[in-house]
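Presented sequentially are two complexes of subunit A, the first with subunit B as partner and the second with subunit C.
Up next is the complex of A and B:
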């Protein structure tokens, strides 16, 4: 009977046995309004599968987003969601996590939402390293507002705001992220290899800390041909694999034969890989499990009782109080 | 044979002393190996202990000398370093002397001792202040003695219980807060919570005049329907709150009720208390589990009612019991009667969360039935053996002198989820004269009469991982061996290696003086052999050699004393008991040794026969070639049939929107060919063309009469 502690009690055992089994439908809500063929669809499918396979409780899961086609994702999840304001998905998500560390937090954002208007929040979110998974739906365009160049648009791309083509080299979200202190998880996937996307998102979810996943996503409406060369030539995708990273299934290894072994703890190599775009490196570039999370550093173990809250408020108010006789009563 | 040797052999055989050639042993003699500890107070060693009340359980038992060392080390390379260290050692020495085997409040004794020393040396004041600040400790200072085992174990137990209580309190208060918030939320959202009075109370007095609370109440009541808990849930939550607030296992901050006591002097009392509290214990553990579910909003009546109705019917398991305090029973091994002994075994066997300390003061107690036979702490030994046999009892045995060194194992036993037995030899008895209890305890372990052991069922499934006897000195050998240096009559330094055996231990005890006889120096000869070498003494015929121990007198003169065969017999018994403990602890295991001998014999025999060379790595069969590519196999398998590589589908909706009967999503939200006959070949081809990841393969048309097939077949070819 005393076959020590790690074993769970009989009642705990029963409770787990009767835990609800979830189906993918339990996480679906509404019909996505994305254009058909849009890469956002496959991202949605991957996260719904992840939620089901991890048995996440819908009421304990939050998807936070900003504004854009990509940011519509929370609408299609039957969990809690917060469709925020442009560029501010991360601060909202950080607030949620700080107040409710028991919730599982996902962030969905676009290249405009994150790398343009929200760039400042992005940098600090990496440094805070709060436990959440961020998906950057990078279609290299402002999709929702009908085709304006974004910071990740390739040099020379003609768009409504750059009729003569863009003048600047594209921003590389991977090298930016890898350059910020406290970075703890960086990965890249493409929307058209579902198996890899699922695996990477799963590892990102299990990583304790801020997991940054850049998803190269096709906007079939505005840039229907942009990624075709990579989509149709499997040699232009480089699979990163390692025992501490992605494990490649035999079936996948047959379709995608271009591979490179890469240890995610090697930052220098991660930066080198991140700098290249052709072939597109896909997999886990960097992982460090030892970076502390902000919510843990700032965790206050005191119970938020009414009296504690009242005491805190009083002491704050007291700072601005003008006492009748000029002195604070003893 | 010389007359002297005759008398020596006669003494060995009969115990009768011939006063003309032999002298009796008395209290002025001590084992030679103990001579260096003659003035124990002047030595630095890990006693006395501080039973510290500050900090985590890991700091519950501290050693004074270590504390001084740490405090001095913390000063670092400092101008005052040397002075503080010197004063530290001086205070330590004075404290040890003042305590003299007793116990006193650390702070009070420190105060008194340093005040006295300061009178001689003013600078000591500052050193004492710094040291005290670095200690961060408060509690009792205790020396080895009869009281030490109970004090130390009880203190360590209470440190573990305090930590448990803090964890419980946090958990219970968190649950209470959550449960009360659920009830409060219902009330706030109800019609009652939205009456004008309540709304006004929420705004406070300053702006009360600015609002029309009647109107506000009307609007709010109408605007949002009240959220109501089911009666069942409200009642359940109320009950949970009640149980948590009324429970008496731990003190809650807000609760005035005096919690139960868990420390007992007799097993019967502990057992009675356990039995009478059992129902409440079950209820509390159940309440915690249900409250966790309620607080998370995860209690589902359809499932959980059934689970919790039968809760605790099979008793509580170790993990559940571990949430509640452990019972502590401290008993005196010497006065244990048969009934109490039986009850201890009963408690241990039942797997109850009880920690039992059995203190032994005398391990050489004479046997009640046979003259000259010693019991070796019979009752404690019996308990230890039985407890180990029970399989899931944590067993700890140590001499009191060893308690500091073994404190981690002690804490582990106290934190163990299940019963634990602690057998401790205090070293304090009336038969060892002026020798301090610390030395007697240490000598008992050294001589193997009271070996150290830890049996930890949580460490693994087999003896090798569970039983640890490596804390005994020289655990691989029969005896602990030490080198001993002295000066001979020519003032030449001599060194001898001597084993400390039970005989040496007996020589410290007045009840056994009669078993020893001092041989005058003039009669020392090769016939006097060390006890450890005496096991081959001829037992059939007349012995020619006599075992002797090395003693020193109060003037530090070396003496040799022979022992009687009666005493030597006890030494042999002690050694065999140690051997069987060694075997259990994995040292000189007789089964293993026998196997090894057989194996060696077999190998030697095999080597004699010519054997063919072993196959080398190169001769190993090559691995089977990898399977043919899956997709090629799949293509072959599908032949002319249409199909979709579902794992590669990127869920873009394209095909399912084209024809939802023909294409559908599987349980992973990836497309598969639901029914190829639910549409035309044209649709299949168009879907293949529209599929961005090209995972739709249209195959050959199923209806040969479909119009435009020629063109469609051409287009399909790119995807097959």
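Up next is the complex of A and C:
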């Protein structure tokens, strides 16, 4: 097989470089309307940077979201976006990916959207293992509807629907995710360490399969103090590092000294780490590159031409046909 | 055990003389074959229908399905089988009561007697092995039932099917149905050669031995009928000069999905819609299509929406309860103007209702469902053939108008078979490739045409078309907008599209004269029964005509003019309306049938309605009675 090459002039080359090289501004749209200090802002910055660094074509990139503060994110991206209905971001994103495996798909969802109203889809999305990156913006509260307890709210949290404190232990999204068949990428980050968030999102993007990234984020409006103990005490963050996981920069290692070497292929250890919340484990808990993607299992390589459809249709008609006299095929 | 059967005067035949006379000529007959679930009556009935169709009879077959997979053997509620109406002319519906029934035990037969599906005095061919059953309870029940049936005037023939089958095969349970098929072929003078071919086709995936054994059983049954049964009918057949296909409504829908050029179907299992997805799963992949079984109904709908948004129009197939669950997602597709085809194979409602039974109860929920004003297109196939073409039409409308199109089929169409002209493939059926060309700079994703409400759809992958589609109120740029004027503008555009579509529709045609004393209006699967009743009454001089509506949202033009030609109007539907006979019901509180309510509100004409919710297809005789009452 010969490779086709094309000769272009140096100036044409420069023009193309300019056209195809995107700046961070190329991915930005509008001014975010999140509260100041909201963790969503740092997530937005990280994904815009990721898009630029990976040179993603804005027209070939889709951000799908549900409903909630987190789900406004697509509106601030100058890519294609789908801001759907509460809890259903994942099936929408799966439909996009199955119809168009050529598109890069990101999903932004919150703890209410994903872990409560959309919990069924979350479980199954892990199992489908379609190639997309999901960000769980987990601020442990319903923000847009004004401070109701969410499944990830800590036990005893007082909210508008739990004035005497929540009654139930918080749901742990990491252990849930790690318990589902076909899980292929699980990570956790916190919104106040942007360097780690970026690096994890980058690895999530490069992972072929369903990448689940839980982002513990602050809600400055409703729970301004909730995460302060962790924010102010760097010993309460546990950095997970490994040659196949997160690389810790010297600067980061100076600030966050509590570290643990963890091989992301070790599921048992991943589950053990995922079970703890204090210190908060940060990094890549689990990765398995060998889980097949649903879209690859379902698509075949044939070109879907009209004549292929006609052929299939006629052979089905044949099965059910009563031939008029003289028409019966030999 | 009370029999609850209609007593008649007709003569009973209990002996088994050899048939010697001339075959009785018939115009049409209704035949049933029923057994316990799993005994093969379905296959026997379908084969009988197919043989009759191949010979040129008009045919309509209806499945008799118990609600459970394996109801207890020999139970009244467990009847499983097929009802086949055959005739010289084209048959458009399941017809009235049954003329001849083959039953594998007396209990399943009782179920049919009690639901008044059998004609008084009809012929019964009953498996007689139970008379000598080693289980005294079975023997007693059989004898009692037999005696009561005979006393009630049914012509009961006892047939030792089990014994006769044993002469041919070692395990009669696996072949009694083909013996019964042979008996029916004998009685109805069907061509054995065609029957053999049909068996070869039915068992084409099985070994030659299986086919041979079934052919032997068929022939044994045929001989038995010739030698022992004193009835023989002959129905003149007119073989079609065109190639025809015989499928049920769900298979027709699935073939329509193939033919429409759609690529993805997202579904969740639900009776009675699932058989469409079963068949589609089998054939879709041969042409590169995908059936995605989602984790729930909502996921099926949102998955379809996601796929439609990024690619070609997609279909989701469901029934009532599933449709209810999809409502919010359908509203999203309406708001985002994403093309989507939703098939609702209606069953009895509300709630779990009657999963295996037919009803036309979902018209209002499809037209007005989803919160807020969510305009969508609703079409209802009236024949099996319509089921096929409706999907092609729906896909085209969905993609042309960027709208949700709901196809309302029902359990009656889903499980009935009727031959229709073999479709001739057309490139025009196919969906065009998705547009990936660059959008002109500055073009807006919702650039609503002020006259038609239409806007061009931007598909991911199109350069310059980037925008975020949202279920929130939005402006022409798809930006979230709470401005009162902008919301009004979006609502107007989405609604105008229905009017624009309506302008392209042809007025419906009246069945019968364009003027008269009474116009009967119907929709969906009741078309055949209504038109048959109307045709019969017209032949008797009654000035009655029928109007069938396929497009229900929007209603086509010309209906007002049609209504003006008649003194009275009535809709006949398979759903609920309050009855005048009920003491509490009067003009101020009567709840009308769905179509009647729609037509009354639109045309301000005092349209009456009659409906029933028995779970069974409307019978021509019922329609006839209703018309005569209305005319008197």
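Here, the second predicted complex is superposed on the first by the 286 of 330 C-alpha atoms of A that agree within 3 Å, B and C clash if a C-alpha of one lies under 4 Å from a C-alpha of the other, contacts with A are read in each partner's own complex, and residues count from 1 in each chain.
The rule is short, and it goes like this: a contact is a pair of C-beta atoms (placed from the backbone, for glycine too) under 8 Å apart; a residue touches a chain by one contact, two chains touch by 3 or more.
Bear in mind the structure is a predicted one, so any value in this text is a computation, not a measurement.
Once the two complexes are overlaid on the shared chain, A:192 sits against subunit B while remaining clear of subunit C. In the superposed model, A:49 makes contact with subunit B only, not with subunit C.
Of the two partner chains placed around the shared chain by superposition, subunit B is the only one that A:23 touches, whereas subunit C remains out of contact.
Of the two partner chains placed by superposition, only subunit C is touched by A:93; subunit B is not.
By the document's definition of touching, of the two partners only subunit C reaches A:310; subunit B does not.
Of the two partner chains placed by superposition, only subunit C is touched by A:322; subunit B is not. In the superposed model, A:254 makes contact with subunit B only, not with subunit C.
The partner of subunit A that touches more of its residues, comparing subunit B with subunit C, is C. Of the two partner chains, both subunit B and subunit C are touched by A:59.
By the touch criterion defined above, A:38 reaches subunit B but does not reach subunit C.
Applying the stated touch rule to the two superposed structures, the overlap between the subunit B and subunit C interfaces on subunit A comprises residues 59, 303-304.
By the touch criterion stated above, subunit B contacts subunit A in their complex at residues 170, 173-174, 177, 286, 289, 293, 297-298, 303-304, 307-308, 311, 314, 317-320, 322, 351, 392, 416-419, 457-458, 626-627, 629-631, 647-654, 657, 667-670, 690, 692-694.
Subunit A meets subunit C in the complex at residues 30, 58-60, 62-64, 74-75, 77-85, 88, 91-100, 102-103, 120-121, 123-124, 298-300, 302-304, 306, 308-317, 320-325, 327.
For subunit A in complex with subunit B, the touching residues are 1-5, 7-12, 14-15, 18, 23-24, 32, 36-39, 41-42, 44-45, 48-49, 57, 59, 191-195, 218, 220, 231-232, 250-251, 254-255, 301, 303-305.
Residues 53-54, 239-247, 251, 255, 258-259, 261, 263-264, 266, 283, 285-290, 292, 294-296, 298-300, 302-312, 314, 328-329, 331-332, 419, 422-423, 425, 427, 430, 460-472, 479-480 of subunit C touch subunit A in their complex.
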